[in-house]
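Following are the structures in question.
Here come two complexes built around chain A, the first alongside chain B, the second alongside chain C.
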Partner chain A sequence: MADYQSAFQISASGMAVEKLRLDITTANLANMNSAAPSAAAAYQPLRVVSQARPLEFARQFGLALAGGGASVQAVVPQPVAPRLVYEPGHPYADAKGMVAYAGVNHTSEMLNLNAALRTYEANVAAFAAARSMAARTLELGGKQ
Partner chain B sequence: MVSNIDSTTGLLSMALDAAVLRQQAIAQNIANANTPGYQRIGVSFESRLAALADGHGQVRAPSLSELAAYRPRLEVAAPGSAGQAVSLDEEMAQLSQTTLHHQALLKALDKHMALISMAVNEGKR
Partner chain C sequence: MSTEAIAAIGAVEPSVAVGVPQLANQGAVAAPGFADWVAHEAAQVNASLAVAENDVRRLATGQVQNLHEVMIHLEEAKLSFQLLAQVRNRVLEAYQEVMRMQV
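Let's turn to the complex of A and B:
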């Protein structure tokens, strides 16, 4: 008999991953205009690297995807060059008057934000589908 | 699980299992929509049932002992092979198809149970 718990767990893990992606993107955007005392110390935009949870081989031919879902493998800083702005009066300005700002790419962050949002919604839809399928099954054999 | 009242309930409950398993496979694909290198998984069931058709559009009802061979199976791309990437819109379309199919199967099982119930009650409601 198929169990519904694994369906809920799979969708919940997907939602958790996308939520973290959303959080990380927000952190990148929040630090867009953060200045750093040196180019090496500038904030580096982060990326979430997710991985599929391995399906246990014995269960692959069973009737539930136990242990499935997605998980976060790592949150990795992107090695991008900082944005250097000429601001001689700034306390963090170097000898040439340049200040290092975080090299956050606005466009790609917004794209990631939207992708994470849509994927989160898709996970919610899958969750709702599992819920309605379970609820309908409970009605089986009623009102005859 | 193969129920052993008759082959119709057995077939219907396997089809329901296939629908639930397919929903879980789709949930797995959606959860990994942004996972680099992920290959989508699917469920094979209806395609194997096609073996029961005799070529004239007639589908033979399988006997109870045969049913186990038609159990729904997960289709996972072999490691290293170029599988299919996940496309979110396709998964959503399949998700709603699976939900509706599941409802239709439940309805069919419900009606079938009602028939059996009528027989058990000697035609009285």
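Let's turn to the complex of A and C:
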């Protein structure tokens, strides 16, 4: 079963990355209406930067790709301007009566959410394929 | 003609007599190796089952960071146990085949 563990681990790394992407998107959506005392202090939407895990040269031509997969390189803030709303009565309103809200792009966050979900599903499908391949192998020579 | 036939049998006999002990020797040498292998594999399966059980316990107590690792460990434990069961089935099948042999 050791040769299938590499496929499982690669799928697991993809799932971990997509799970973090979901967490970050959820955080962005949760802070969509968070106000801040100044434009500089407004919540900045975050973005996950993932990267292929480097494979060793010898392993690229071998059968076992253990150590491959994806990994999170960084979670970086997106350089977007805060959303300024005119609300004179707001405790965080500045001299002109403007309040700085987080500049979260609702549409792109929903798209990120869907993309993360679909990619996670694809990783689950790849895992299921590896698992059923292993299970089929165990049926070799058995009574049909 | 009949004496020639008997002589022919005699010529064949030594090679058969030599062949059987060789097979028996090979079996005697290989048997402990296979038993060791089975014991080793059983220990590994037991270890992966223990890992899966520990994961489930940690999941129940809320100490798990990622759910998919638990599920993957469960699947790995299941597959390794199925491998052990299949090996056992094949060995038992071979044993029964031998026992069914007309002597």
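Everything below uses one rule, namely that the second predicted complex is superposed on the first by the 141 of 144 C-alpha atoms of A that agree within 3 Å, B and C clash if a C-alpha of one lies under 4 Å from a C-alpha of the other, contacts with A are read in each partner's own complex, and residues count from 1 in each chain.
In this section, a contact is a pair of C-beta atoms (placed from the backbone, for glycine too) under 8 Å apart; a residue touches a chain by one contact, two chains touch by 3 or more.
This is a predicted model, so every value here is computed, not measured.
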item	value
Simultaneous placement of chain C and chain B on chain A, clash or fit	fit
First, second, both or neither for A:A116, with chain B first and chain C second	first
Partner chain in contact with A:G141 - chain B first, chain C second, else both or neither	both
Angle, in degrees and to the nearest 10, that opens at chain A between the C-alpha centres of chain B and chain C	40
First, second, both or neither for A:A52, with chain B first and chain C second	first
Contacts of A:M98 with chain B and chain C, given as first, second, both or neither	neither
Partner chain in contact with A:Q5 - chain B first, chain C second, else both or neither	second
Which superposed partner A:R131 touches (first chain B, second chain C, both, neither)	second
First (chain B), second (chain C), both or neither touched by A:V17	first
Touched partner set for A:A36, first chain B, second chain C, both or neither	neither
Three-chain overlay, closest Cα atoms of chain B and chain C, distance in Å	10
Footprint overlap on chain A, where chain B in one structure and chain C in the other make contact	1, 4, 11, 127, 141
Parts of chain B lying in touch with chain A, wherever the complex brings them together	1, 16-17, 19-21, 23-28, 30-36, 38, 41, 72-74, 76, 88, 91-92, 95-96, 98-99, 102-103, 106, 109-110, 113-114, 117
Complex contact set, residues of chain C against chain A	66, 68-69, 72, 75-76, 79-80, 82-83, 86, 89-90
Chain B-facing residues of chain A, complex	1-2, 4, 6-7, 10-11, 13-14, 17-18, 21, 49-52, 55, 60-61, 63-65, 68-70, 115-116, 118-119, 122-123, 125-127, 129-130, 132-133, 136-137, 139-141, 144
Sites on chain A touched by chain C in the complex	1, 4-5, 8-9, 11-12, 15-16, 19, 127, 131, 134-135, 138, 141-142
